[in-house]
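One structure follows; several queries about it will come next.
As written, the chains take the letters A, B and C, and residue 1 is the first residue of each chain.
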Amino acid sequence: MALSLSDLAVARGGVPVLSGVSFTLDAGQALVIRGPNGSGKTTLLRTIAGLQPALSGSIEGADDTVAYAGHADGLKAMLSVAENLTFWAAVYGRRNIDAALAAYALAPLKDRLTGTLSAGQKRRAGLARLMVTGRPIWVLDEPTVSLDTHAVGLFADAVRAHLRAGGMALLATHIDLGLDADVLDVTPLLAQANTLHGASDEAFL
Amino acid sequence: MSLWEYANPVKFLALSARVQPFAWAAAAIGIFVGLAWGFFATPDDFRQGSTVKIIYIHVPAAWIAINAWIMMLVASLVWLVRRHHVSALAAKAAAPVGLVMTVIGLLTGAIWGQPMWGTWWAWDPRLTSFLILFLFYLGYIALWEAVEDPDTAADLTSVLCLVGSVFALLSRYAVLFWSQGLHQGASLSLDKEENISNVFWLPLVVSIGGFTLLFLALVLYRTGTEIALRRTRALGVRLDRHT
Amino acid sequence: MIALLVRDLRLAFRAGGGFGLGLAFFLILVVLVPFSIGPQSALLASIAPGILWLGALLACLLSLDRLLALDFEDGTLDVLATAPLPLEAALAVKGLAHWITTGLPLVLAAPVLGVLLNLPAQGFGWLVVSLVLGTPALSMIGTFGAALTVGIKRGGLLMSLLVLPLYVPTLIFGAEAARRGAVGMAVETPLLLLAGISLGAIALLPFAAAAALRMTIR
């Protein structure tokens, strides 16, 4: 069980943003992706999650193993926290949401409508969604946005527990979570992409 | 040497530049000869009088209106399967031409219908089908305009063109079912018995040929414009990334 | 799949879910018709099947805006696209949920509104049958239209422009069946064609809608 990228190039709106992305993530490992705004971190994560096609290169081990959390939480304001999580668990063929509620201290909030939660509480519910999927590879885009220090601690604990259980995590974040994780800085890969051919508009030049 | 080489925009432009003068010239000659012959060198119809002469504009316009959509359908399929930009842009370029031809077909039909049927408009199957085709063209063009990313726009409009073609065909049969018409039978048919007589038929074929060449020239020209726009965009992107 | 259906239904029935809006629109539209046409019962009776079909179609169109747009904004579609459930199935289920919350209430309300328009007694049964057979096509075509325009800002009006021409065959066969039913003519042919369109739409349009949605998400 491993996620392995080799010489991956990704494009945003037909324009290459990153190229030559290669790494292997084994069970129990985490990787933090760093880079300036607009460097293509989100594009890279969406490509790995299978939401958009890669420009070139290959991704192995990502079929039906990735749980993706983007900027939006995928939660319905008019449903309670428990209803939201139960729904996502059912989509992934699972039932139990108690562990996820406990990990993010959501038990007292579970019957509240998601729309009445604060931004940080909502984010916690969004992160809890990853736990109910039961998928081994978590792909997280800026997961700590609007979380307070305590909640960041809860999140780091949840990631650690996930890794101990043989899971993997791929995070784009600027906060030091205190995880034992490698860091991939995409800035040099950005420069490479500037000279890359294969952009969709390239044919017109 | 394969046809697909011209899917490259630069090669396409080079070929298009060579073909276009001939296409424009041949279109002008075809339309001029067809119309002049039709208007001045054919007898009046024994029932319809000289009003019948509008046929030399009406039928070619209707012919292009339908065939432009079929060409867009083929181009959309080529884009979805082979991802050739020229194909997607040719479909985009053909749509307004098809729309205008549909309008010309409807307008000349109304002008012809007034003296013949005593009304500008009737909910006849053929007229109604063209009105529906007009709506499909409008939707297709509007979708192109609304989507910002050009490749996504090409994708979505291609899917609309495919699904729209199926529903346009369904509408055609639905409309036939719904109303029996006033419209005369097909002007051109492979069945010799059904054809209009030779005197009218020959200039009509010349005129249709001219309109078809006009369509070709317009689509080549407009595709060139679309390619130039994409090229400008690509250069802008490149400029952004090197500064 | 059932979870998605239950969730969509639950959302529709909760406050702010928009359930009943289409129904209310249908009611108001039908009530307005005699004001614009006049109260002569013979005239109303002759146009009743067509008006009821047109009203149901417009009421259906009204709620398509929300079919995918909200799920797109809150990231649900991104997650659904990466979930084990195929996107085609997810969209078919969303179309079904739309039919249950919009199409079915319209079918049930149509006979009541038929009374207001003096629909002949023999026409009620065929009106309901034609709506039952036709509204699933309206929901599925609408789902396709919503998938095409979901990524476009203020795409609602554009969606109407794209969807309405696609509604033409359904409207023709549906209204024709209801009209023939009302005047006591044979209804089999338009009803069968209508059912054919619905079945075809249910079988094929989820694939077209999923393709369009993937293109937008990308």
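We adopt the following convention: a residue touches a chain if its C-beta (ideal position, glycine included) is under 8 Å from a C-beta of that chain, and two chains touch if they have at least 3 such contacts.
Quick caveat, the model's predicted, so the values are computed rather than measured.
K.L.:
Using mean Cα positions, find the chain sitting nearest the overall protein centre.
P.N.:
C
K.L.:
Using the stated contact rule, I'd like to know whether B-C or A-B comes out ahead in C-beta pair count.
P.N.:
B-C
K.L.:
With chain centres taken as the means of their Cα atoms, state the distance from subunit A to subunit C in Å.
P.N.:
37
K.L.:
From the mean C-alpha coordinate of subunit B to that of subunit C, what's the distance rounded to whole Å?
P.N.:
For subunit B versus subunit C, the centre distance works out to 32 Å.
K.L.:
How far is the middle of subunit A from the middle of subunit B, if each middle is the mean of its Cα atoms, in Å?
P.N.:
Taking the average C-alpha coordinate of subunit A and of subunit B, the gap between them is 48 Å.
K.L.:
Counting only residues that touch at least two other chains, what does the list for subunit C look like?
P.N.:
218
K.L.:
Which residues, counting only subunit C, touch subunit B once they are in their complex?
P.N.:
144, 148-149, 151-152, 155, 158, 161-162, 164-166, 168-169, 172-173, 176, 189-190, 193, 197, 205, 208, 211-212, 215-216, 218
K.L.:
Show which residues of subunit C lie in contact with subunit A when the two form their complex.
P.N.:
Residues 2-4, 6-7, 10-11, 14-17, 73-76, 78-85, 217-218 of subunit C touch subunit A in their complex.
K.L.:
Taking the complex as given, what residues does subunit B use to touch subunit A?
P.N.:
Listed in rising order, the residues are 8-9, 85, 149-151, 227, 230-231, 233-235, 237-238, 241-242.
K.L.:
Taking the complex as given, what residues does subunit A use to touch subunit C?
P.N.:
So the residues of subunit A touching subunit C come out as 49-53, 64, 66-68, 70-79, 83, 86-88, 90-93, 129.
K.L.:
Tell me, which parts of subunit A touch subunit B in their complex?
P.N.:
So the residues of subunit A touching subunit B come out as 13-15, 194, 199-205.
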